[in-house]
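Order as written gives the chain letters A, B, C and D; numbering starts at 1 within each chain.
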């Protein structure tokens, strides 16, 4: 007891003879490393059961990730969608070539306009003959009744229905223009579809993120319940709340990480499975669009968000439930 | 060192397990607590590591009133008190070694050599050195109880509290364990033991306190028998 | 003991004096009812935790159910999609009225054909003037160059791209027909989209069904773990495997049922949330399509499949894990 | 009634806890088992309700070799054997009443009046009738042990096995419980009790078997002391 009486009473016995900062830091990291590895080992030991949890987390993470990848790819397609926002300018009949040149120069200087394409009256008639199915009937015409047409594609930033409509009105004021036409309907449909998809992704993503939190929180909660006695004993021995909580937090993190890895795998499986019908569809639109595999950004997102969600879920579960367990 | 002043304990169901108990246990004293089943022995012991709190009266350790110990500070308090429970409360998913090492881990001792040395010293004292790698389910009732004793002493606490530590032990072993507690007491540890075994504690020639229906009936210093 | 010695030794003491069949049956149902209600009460007691599990199951069931409802509704739209499979018959110019009548009668008798619509040359010219934007230019024409057009919609059973193409070829052989035209591309696109959606629903539904099984199985597994001691004691006392398993099975069933109810709620929330963009989109297509709420069939499906999945998940989890727990 | 023939038990870790033990306990006999901590008492008792199986030799009950009892039939066997454990093994999420009623539920007795009558009779015998609505955590160590005893006898088993049933009880209560066991024995129940309390079992004037390091050392019929 001679040794002990010189020590302050509230410091644990084991630390009394070693208070150097370096030693403490080393102890601290040793403890964390110990918990990190033992929780991993625990996870490994009851693999079959933990696999189920991991699978659920993986599935829940995979679905919004797949949608994200999908919409990302579709967004990149931008260019091929742009056509739908074209304004057709029907020019005055028998417009002199130099007026046409002036118009082209002027329009090219407008910031709202992305690109121009000119279709001469002759080209228009030819195309009309072919596509209308009235080839023979039009042979009756003794002169070309068609005007020249200028196809105007708005710049990317001006592709909302409202901006395109404004552009159309400005264009219709030009002296060279007879009529400025816009398939506004198609544009609106496209925007409607995109709005729908965005809303769906938001709802889906939100629900599934919630599901991931719940799954991890629930798993940790039940793990706490099943280790009730252990927690009680550790608290009796003098384990602090942080000491008791730590393994559960690491546990949640591991679940999230493995769930994220599994999700990455699943997303790729889903993309490969959807690739064929998507490609067939795209071909019909004359596009060589294909889904490919998960991009690096999404991969990183999964591997960061997974453990983060795991940690968060564990944090939520431990907060309430660990406190409730007290020795008796 | 440990002071109970007019302590009463009424449990949430209205039962009054302790009634106006006052007692003082000096530093480095060794004392026994006895009394019929349900007399309040465990209730009294549980107040020292703050497992239960009195409904009236106060408990102080080293002049420090326990009522003022904040929640955050309870773990530090408990690390200074070795507790041996009526049921051994071992963790079944760890070996005997890891069970005994737990208090060291909790108080931040990770140095494997030092920890191993202390754990083995404690196991040796209870005669279970050769069982360090077994899991608790592989042990007999008495062996489990002895592991619990080793765990309580491994961190060299200032106070040792034991609730029926020899309930599962044969008479010879019980005497050995009592001698072990006496050794601890001789190096300055304050020891408080609840026991039914009047023969055993009578032979120790120490102070004996008798509880009956929550009241402190008798408090005899160093006399054998009831 | 006098009482006991007359009884066979292997029958439990409590049953010895009551062996009537009626009493036994009553006992049996009393036992099941007891377990049914106590598991429900248990669920209620730890509501906050069980809510999490139920939420996860609900979410996992809700997503494929929403898709199912969605596609169901879209399928019912059939009629408005049919247009896209129309074949336009450009009739010979100046066809006599009675030839037209004969053609109409004949075509109406073909089983492949669902409906007919005739557009006279005058109507066609009028429409052409309006939609082509060439109103003024066409004033040059001194006579109507356009033929009559018959719009042929195939019957429902003949709407695959291949069947429509066959129909178009048959129609083009008719003496009254100058040209039979079909927007086959649009039809193929539609079919591509449907294929994609079907594939996605299949994958999603499969994954989420798996997730539901895993969630329930996992919850039951952890519940078994956390009641390890209880199971051990009951086995020690002589509880049979069935006796031990029963509460867990009911537990799973309750989870499934409440998950199904929650899913029903979620599906409705999702549908209400998606209704506005869908309606906007539909309006653009000139349809008054709207999602509405979950239909009765899907409701019943959820309320049957939920508990069934719960039971199955619990069965899978108990099978392996209960056996592993033996008294020691 | 219970026959051990050359029974040995080697645990999975290689430790031999019982060595060539042979003994016979007659129908309606009452016998004690004693020996040092780790002698093999619990191991021997556990073989009767098939918690452990011998690695050599055979155990028969009522001429029925336990080795031939199929997995499916074990529950029925256990329902005829009342077991009192070293730790009381109560279910903490049920009241005392529900704990004691469990064996009745397990064997299919649901009639509430009849079940209630039996449970209360059993609780009355161990002096805990007024605690029927408490949860086990509200009980003292000795009270829990008595609830375990009530649970073991409620279904009127043919055999009663008790492992250290008085380890947590004071001497007066211990004697009462022993007398309770004797009453059961007198109505024809076969009773086998492991205990360290030589004074207590000596006073009972029954057969005492002594185990030491897994071997049956002595087997004295109706003599007091070791």
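Heads up, the rule we're going with is that a residue touches a chain if its C-beta (ideal position, glycine included) is under 8 Å from a C-beta of that chain, and two chains touch if they have at least 3 such contacts.
Quantities reported herein were computed from a predicted structural model and do not represent experimental measurements.
Q: Using the touch definition up top, find the fewest steps from chain B to chain D.
A: 1
Q: What's the farthest chain from chain A if centres are computed as the mean of the Cα atoms?
A: Between chain A and the rest, the longest centre separation is with D.
Q: With centres defined as the mean C-alpha position, give me the chain B-chain C separation in Å.
A: Once rounded, the distance between the two centres reads 64 Å.
Q: Could you work out how far the Cα centre of chain A sits from that of chain B, in whole Å?
A: Chain A and chain B have C-alpha centres separated by 59 Å.
Q: In angstrom, rounded to a whole number, how far apart do the mean CA points of chain A and chain C lie?
A: One centre to the other, that is 26 Å.
Q: Hey, what residues on chain D touch two or more of the other chains?
A: Answer for chain D, listing residues that touch two or more other chains: there are none.
Q: Residues touching two or more other chains, restricted to chain C: which are they?
A: Where chain C meets two or more other chains at a single residue, that happens at 328.
Q: Can you tell me, using the touch rule above, whether these chains form a line, ring, star, complete graph or other shape?
A: If you draw each chain as a dot and join those that touch, you get a single closed ring.
Q: Looking at the whole structure, which two-chain pairs count as touching?
A: A-B, A-C, B-D, C-D
Q: Quick one: which bits of chain C touch chain D in the complex? Just the residue numbers, please.
A: Touch residues, chain C against chain D: 1, 4-5, 9-15, 18, 27, 30-31, 34, 229-230, 232-241, 243, 326-328.
Q: For the complex, which residues does chain B have touching chain D?
A: Contacts found on chain B: 11, 13, 15, 34-38, 41-43, 86-87, 134, 138, 140-143, 146, 163-164, 167-174, 196, 198-199.
Q: Give the list of chain D residues in touch with chain C in this complex.
A: My answer: residues 28, 49, 51, 62, 72-73, 75-81, 83, 89-91, 93, 102-111, 151, 155-158, 187-189.
Q: Along chain C, where are the residues that touch chain A in the complex?
A: Residue list for chain C touching chain A: 48-49, 52-53, 55-56, 59-60, 62-63, 88, 90, 93, 133-134, 137-138, 140-141, 143, 145-147, 179, 181, 185, 188-189, 192-193, 195-196, 199-200, 203-204, 207-208, 210-211, 214-215, 217-219, 221-223, 225-226, 228, 266, 270, 273-274, 277-278, 280-281, 284-285, 320.
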